[in-house]
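Chain naming follows the written order as A, B, C and D, and within any one chain the residues start at number 1.
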């Protein structure tokens, strides 16, 4: 069986949009990127030139109107995601959307309803699910290598904080950073989180606190299946991007360490050392970004299920809102409180 | 200057008492163990025989009455610690006491008051402070190798649960197990814990739950200096004794891994593997036990300060009580609430 | 400056030829693969189809005759390399040729003379020079991180032996396998090898011995700059592909370990283990193959020097011949003996 | 059964003699060190005082004459070993002797003959056999964990060279340093070495070369059972004492790494690093020294076989002489050539 080539439109030609364009250009023989839109038309044009995309536009509606295009990648600003999802769904496009869908549940729910009504596919860009390390934890749990899971710990630290301008609109550390870890927690444990309890602090930069956000946070999780766990985030690790996780199970434990640019160990009169880990996410998760895109194209081409559903995109937002409420009210918060 | 030999009496000839006896016999030239007491007289006699101790008795009062003895090691049952501390202090003995001093603050405070009044030294057996790994974290922080501390994580898992009979009288996981980690947290961060927040579960054995205890627990800590952290305990790790810690600082991070019986790595058609870590505490902390005893003897011989004070013995009990209250009341608990 | 696209012809559509085709198709924007030749025409056609190559042929002379093509990749059988290099050079093509150039020095020298006369570029496919690990050793030495080099050790083991049919024509372990390590040794130490001394054995399969070859070998190297070193090869490592190296210098040491598919560490009641290393060379050196091809295209496009010269292709063959003579005559052999 | 205490005399109160004294004093309940001799009487007295030894003398004959003493430890200068072994054997003492027995085979053979005639036990101090890491390789091979052994590599580097005065009388790198590795090779592989082939250089200090010795050496080994291997020595590793080994077998491989003072990993803006390995042999092999002494005492007390026989002491000397001859004559040398 030869599959038809999936014709794709890219909305948003920033860093992550370009990464997906590269995957489609070089690593996804089943797809062809035929149009790119960016509110900065110049950016759209440069992207089109670089990856040999036929059409560049400032108006993504042109992409939605193109009958040849069967799938769109939404890589524009977070505040536009939900709206574009709705429109793309109504236009009958299959959708890959970067996380988060939106910062407000009402927007998310409208978008998901539109997707449901249109019967199109929606895949959310939680790239870490496709990382070889976290996949290995997933398989260890799935295959019972460590028995039944009991505790989970996720460590997730950025090399340095984003600009304050970003923090002011990002929704804060739980929504812009820990959301990845909330998703990873659900993915690894395979159970919903029922309760969260957050502590946090401003340690990296007082300006972050003045913007109403935290830069250091720990959230304790209680899952429906009884597992308990922690996620910790810092917006600054002097040694770079730190992405680890471990699970204790009834018959053992599994943990994953950071990835490094090489395996060299250098010993001199001072220490036994190695180079710093891969830094930053575009490098660390390069393969994961490619894999998620290939999986999305595959789901579209074969009409199969997507790996990360709309509900998978919604749940971490709810968890983030619960975590923030827990921090604000200084008490454990049931995730169900957010829904009501 | 030649120091006088410190004559020591041992109260309690169980496993840990014997370990200290071995240290005094073989590795502490400045001390001589001259008497051993155990309620099971036979145990006292066997211990005396093994380590060449002159006197064995079932009644520790004989040791307290011996004018030649200047220091006693209290290694008897936890419920006897506070009482014997009081009596030993009144008898003018310097005291090394295994943790915890007692499960009730009132008893601890009476014991500490007696020590204060008598002007004797009291050192509490928090052996992990003397471990080379945790010492290295301590030095990294002291020397500013990773900047100012921001987050702490302690992982502490036993190979398997103790007998239910022990759990019924131990005070529970926070007092019998996590108490070591509470002490370690204070030691490493060098600041008092102001608030704790506990979650827990019974995952290992329902009988533990029936006895009113937990076997899996996570406690979030907030320190006076702003550091936040976690301690996690499980009463069962299939792979053995798991004792790790890490600190994130403003300029880096430090972490310590488990100790192993050898460095051999074996690769075959299945995996690249090594032997399990040292198991259990008598083996893992053998050097730490010896070091703490040698340090105590040294403090007595040179009339210097002890490494782990009575207050150091009290604080983790308060933290444990706060953790249990947090678990029971499902809310963050200020450590100061326990005092009132 | 925009560089013209380099038009490339591929000769030999086997496993390694396909790998280079993939690099040119997906990761080398400056090149276009326009023709592929393979004695098995069906193989050429399949390759052309897979990578969108315009022309497929059974006769590589068509490629040499194509005026549009400026560079050729010689990925055909080893016994054809030297002849095709000569012809391609005369046709004015820049040449990338898989190792080894030939098994006989006379053939190599004829090929190199043709290249010299034609003034074309010739790059030899010693891919390991482009590997991130070995590059890191190279940089450590270049930058003086470990002082002046003193000893080198290279460990290189295949997961399992090739078919006996291959061994019969490959030139044997020194020419088909250790040749990579001979090149790596020269590359890392930056000095010529003056003397080799070989020991070897047949341990894996008696049929290898019956074919006149060895499956286990150690060669001691003496470099012109005084460094001494070892290379060891086994045709079978039960745990997979083993590719390590280390250098001792006057101020320290550097070593590189294997690459693994993930960083997961799994602990259970039996061991602390990880998955086997990447296996086999197509996977382990995937990035290195791509980098060497991109570097070759870049050298052609910018008219710069190639990374691995014809002389770099010749020297390891001389070393291999010297190693075999050392084994046969059971004595150290000067590399210069081979030349005379 | 209660074993009689073994009364021991120590001959030579230098660093290693003191280490054995400490083991006997603190860790070997079945032995009592009753006399110590050293040509520097002051050294003997200090040692006696430190370890509570009753008798100190400048003349070891006093120890040999003492009827109460059943075992002697020969820790004096290498040039005295053989002579004292002979005398001690004639005096009916069981003997523990530091390596090497002597630098000349004739002396060794006279000593071994005396031991044989007297029917006393002779144990040679090849401490590495008792190290947990090398023991683990031994067990892996014994238990078939990696199949049948095929290749061995031993890396052995000192932190820095000994004084030139020592090098002048030590017999050179093969006899004073690599002798440990020759023994380890025989121990691990469980087969005699039939042929050696040595290369070497003077890289660390020209004065070592002027003294007729090398400071950097590689020896290739061929064992009777077909295994081939390498030993490499450097008299200087900037990062400290480096003691590693690995064996490739038909079903896998086993390797051991260095031991470190702690497991701490420190990451900052520059690197991910740990402290330097244990340095030097008194620290690295502290447990091995104690274990070998305890094993010797046990062999005497129970009248069992010693772990390292006189023949085990002789074979590495022969290997060292063969290695030197190989280096001098620039050819592989059969170990049997040394005997004739």
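In this text, a residue touches a chain if its C-beta (ideal position, glycine included) is under 8 Å from a C-beta of that chain, and two chains touch if they have at least 3 such contacts.
As the structure is a computational prediction, the values presented were derived from the model and not from experiment.
The interface holding more C-beta pairs in contact, when B-C is weighed against C-D, is C-D. If you match contact pairs by residue number, over half of those in A-D turn up again in just one of B-D, A-C or B-C, and that pair is B-C. We define each chain's centre as the mean of its Cα atoms; on that basis chain B and chain D are separated by 39 Å. Centre-to-centre spacing of chain C and chain D amounts to 43 Å, using the average Cα coordinate of each chain. Distance between chain centres (mean CA atoms), chain B to chain C: 58 Å. Contact with two or more other chains is made by residues 146, 237-239, 251-253, 267-269, 275 of chain D.
Partner chain C is touched in their complex by these residues of chain D: 146-148, 150-151, 153, 155, 157, 197, 199-201, 203-204, 216, 218, 220, 222, 226, 228-230, 232, 234, 236-239, 242, 248-253, 330-332. Within the complex, the chain B residues that touch chain C are 237-239, 260, 267-277.
Contacts from chain A toward chain C in the complex involve residues 25-27, 132-133, 135-137, 140, 145-146, 251-259, 261-269, 275.
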